[in-house]
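Each of the next two complexes has chain A plus one other chain: chain B in the first, chain C in the second.
This part shows the complex of A and B:
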């Protein structure tokens, strides 16, 4: 890598623009949310400005600890599955012709244009007893009668993976396609088997990208509140579902804001841990 | 408020936020808010033109967002002396919350002779006895079944607890729209009185928790359950009588049953913001809407149950049955959700997700 710190092409003040946008569209709303989370709940629907920690205190209970664990668990599972599927997929994709790569990426990107509602309804039909895939299994004689696979944890994680997979591929694709094929060839020449070269050379070289893809899918699925309602059982409802309940149905904005901040803190902590792990190993 | 899909309501919320700036029209125009979507469209089409023809008062129809967002908007606007709508249709919880904060204008009952036809529970009064609102529309939540899966209609809410119905039910996911506490109390505790104490509520929840193995879906989205009911994927549950009757009349294999313990009668009410400067016209409107023939027209065209006693209307047996029933209804205890809302909702969440 070359470094041209003294001769930057971009003047420093350009950074002010994104900084300003970040302040207006991220920091200000976040500040409002912080302020709401410590304000007083007005049962008539609104909230009264003030300072109290009751909403945070309410969150600190075994019940919400369990809900938080469900949220984190579901998102970690979805992120792990996405990365495990997307990584070999991307490596394989990068070895194909340029044209095939373009077509595959466009198809993947088109998935992103589907709304969660459509994905949720489609999957709940696909996994249903009356019209779903189990009828095919039944017809093939694999099962004795059609059955429903939704709502279930399986259906929920499937839905989240459906949404997360394109993101994982998009994060992995640039570094994977830039990976010097000679590294692998060198390993093979030195006598490594194909799988040894893959796990011993390709994977460690791309650890940063893998961690990045994991984090992106994790954070992205953590905020999902429609799929858990459409595809999950009530035990699988994530914290985002409870936040929606409080904000929309109970009109308890202070508590919803406090829960959102907890969720964000936990997400940040996990993201920090993951990227720290990724970096340290790379340095080692 | 319980009758909309969430995404639709979010869109309408934005629309309603934009609405207040256009208002303040002079002359004899009355701004009337109803839930955006089906209700508003039906009122625009079947009710308002005749009202204008009869009274000369133009209606400016306003789409309310669902949930309690409209209450918040009305009360914040009232503080600034503004009324985004003169008359609003409110669900019972926000109606009571508005009553407690004195948001609704007091009405002159002497100028509204036709509201005498309404039963007491549809004439809302402040503690001092002054009237501030009336029942606008009502609808039933009944026990619904897929006729292919259940050739025989269930007779009682007891069916929800029947072990034979394991993993077959779809129930609404909130205490405040499912009214399952009232249903459980009426089915197993001889009436809803037990819900007036916290110990009683806990006892009822404990009984209700027994249905959990039977519940496949706790739904927030009506469309999701209706589709599952029609295909037989989720062959039993609680749902709206009017929508189910409509689906059945279109040949879908579904039926709505008024159980022996009664079906839940929920409703929306007309109230007037205290910031409204069109009190006179509001009273004329509310009075007009209480007439039995208008209630009958709504039953035919909007699908709501009449708020006045049946014998005052000219509804045929068939028309009446498609929206209502002569069986005594289960009346929701709205006050407990206003007084102990957060506590009930917390216990409720723990019960259904535990």
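This part shows the complex of A and C:
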């Protein structure tokens, strides 16, 4: 047993490096934010260090409860739509030739290079009354006059889905392409119709990947603060928009920090719930 | 009880012909092995029977009923895949009874059937195990049990034992044959391993390039191959160019009269002689029909192979353990091919 330590491939101190990185880039900023959230607001400058819970108390109001509900609701909707669209898409993509798969993935990745601003303005033009797709519908005789689809909740969720979809595909693609195609054939031979094989065998075997894609898109869209302002009405503004507003325009950094911590806690709780759901079904 | 009939079945993938006008009759309860090198069309034939491929021409009949328009999931087949394709999200019992659950069987009857099948494949009480807790041989048995769960019309297996190591594979060949015989289910196994085919099958179908080369009982195919490909593919053989002339086989400067028992499929002219190594007799120089020189001796434990050169052709002779004589490379000897055990093919 004495040479057990010598046989270890990596010495223990190597773990210090990721620990250090985690501390510098995550724990320290988080600590600062926590400290700011309980400090005193200085309308002239940023904040005066101290300890008060007024900002947390202010958040506990009907108005911000509604904002929080809108934030979570919009992100859950966007994540759910993305996964529902991306999952069959990825399963279909994985059955195509390698060449087609490469082209499709490159196109999807190129979407990620677009900034949120460009996506937001493009969509607000496409959904506008003057130059948008409603003119096409009008020309086709589907509607009696052109109309604006933005700003609206629909426009906002569309924009978030546009951003979230490539992420969902990228998370789903590796496990989907690794799934043994003979599993589906086995289910078919054993009496399962095509749709039954899909929902009874493909979906349960990729539950982890589906939950992962959902969490990624949810967290990613939760932090979006530009699209709600570009595509949403003021009642569709998410907590991220209000945090930006407080931090930059109202110079109320402590309140912005307090809201950020709330947002983070809610996000963590939802991610925890989702991954728990994913794991429990797997064990069952 | 199922009679399976394949009529003029063809399958092309683009310009590649995987199966070319194959007709075949498989009687009830028989164990059939489709044997051939990779790309010979044996797996395609199996998949056409299962309905996983659509034929380019011809049809599959089960008990006289055309299956062409019957979708895979309504064919009531059982199948074991090369990758086994067990469902990782279900436990052993869940896997085995999946075909029953699809058909709406209630929980009690499923549990009873699972235990019955686990007994059959010698895994009693393992129903609650997860698939990733099983060894390769155990997974194999679960896949077999799952394929048999509904008493399938035809039991199809695609290279089922190829992932197992040699010892376990031979054991499972015997076990699979015993299970098949006890149930009497019509069974088709695809394999590229001729020993596996000879061990298990009632009927061996040798395929090459999408065409059936020969169909017959294992010993018949071994003793009486229809052509040079079959002779070379099944077991070890010496294939030597020869000519048939006036009731004799002429080869290597010798003239061997054809006798009772020799299987000569060529009337006249150039052909090939197939002689199994165990039918090549070595004797002192000058006593036999064909002169040869020993080039190598292989000791294989249960037997010895002597490699010889005769007029530029390599000949392998197998010595029985009782043979006292010993040979060294360079020894001059003469050979005879045992009368009545000679096969001439085109």
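Going forward, the second predicted complex is superposed on the first by the 269 of 284 C-alpha atoms of A that agree within 3 Å, B and C clash if a C-alpha of one lies under 4 Å from a C-alpha of the other, contacts with A are read in each partner's own complex, and residues count from 1 in each chain.
The rule is short, and it goes like this: contacts are C-beta pairs under 8 Å (C-beta built on N, C-alpha and C of every residue); 3 or more make two chains touch, one makes a residue touch a chain.
Keep in mind the model is a prediction, meaning the values are calculated, not measured.
Undergrad: For the overlay on chain A, clash or fit between chain B and chain C?
TA: Verdict on chain A: chain B and chain C fit.
Undergrad: Looking at the overlay, does A:245 come into contact with chain B only (first), chain C only (second), both, or neither?
TA: first
Undergrad: Now for A:205: first (chain B), second (chain C), both, or neither, which partner does it touch?
TA: Only chain C; A:205 stays clear of chain B.
Undergrad: Now for A:188: first (chain B), second (chain C), both, or neither, which partner does it touch?
TA: In the superposition, A:188 contacts chain C only.
Undergrad: For A:196, using the defined touch cut-off, is the partner it touches chain B, chain C, both, or neither? Pick first, second, both or neither.
TA: Only chain C; A:196 stays clear of chain B.
Undergrad: Mind working out whether A:180 is in touch with chain B, chain C, both or neither, as first, second, both or neither?
TA: second
Undergrad: May I ask you to decide whether A:151 touches chain B, chain C, both, or neither, giving the answer as first, second, both or neither?
TA: First partner only.
Undergrad: So in the superposed three-chain picture, is A:260 touching just chain B, just chain C, both, or none of them (first/second/both/neither)?
TA: neither
Undergrad: Counting residues of chain A in contact, which comes out ahead: chain B or chain C?
TA: B
Undergrad: Just the number, please: smallest Cα separation between chain B and chain C in the overlaid arrangement, in Å.
TA: Minimum over all C-alpha pairs of chain B and chain C: 47 Å.
Undergrad: Give every residue of chain B touching chain A within the complex, in rising order.
TA: 6-7, 67-69, 71-72, 75-76, 94, 97-98, 100-101, 103, 173-174, 176, 215-221, 224, 228, 231-233, 338, 341-342, 345-346, 349-350, 352-354
Undergrad: For the complex, give me every residue of chain A touching chain B.
TA: Spelled out, the residues of chain A in touch with chain B are 41, 43-46, 63, 67, 117, 121, 124, 128-131, 148, 151, 229-230, 234-235, 237, 242, 245, 248-252.
Undergrad: Spell out the residues on chain A that touch chain C in their complex, using ranges where they run on.
TA: 180, 182-183, 185-193, 196, 200-201, 204-205, 207, 282
Undergrad: What does chain C use to touch chain A in their complex?
TA: 50-52, 71-79, 81-83, 85-89, 98-99, 102-103, 146, 149-150, 156
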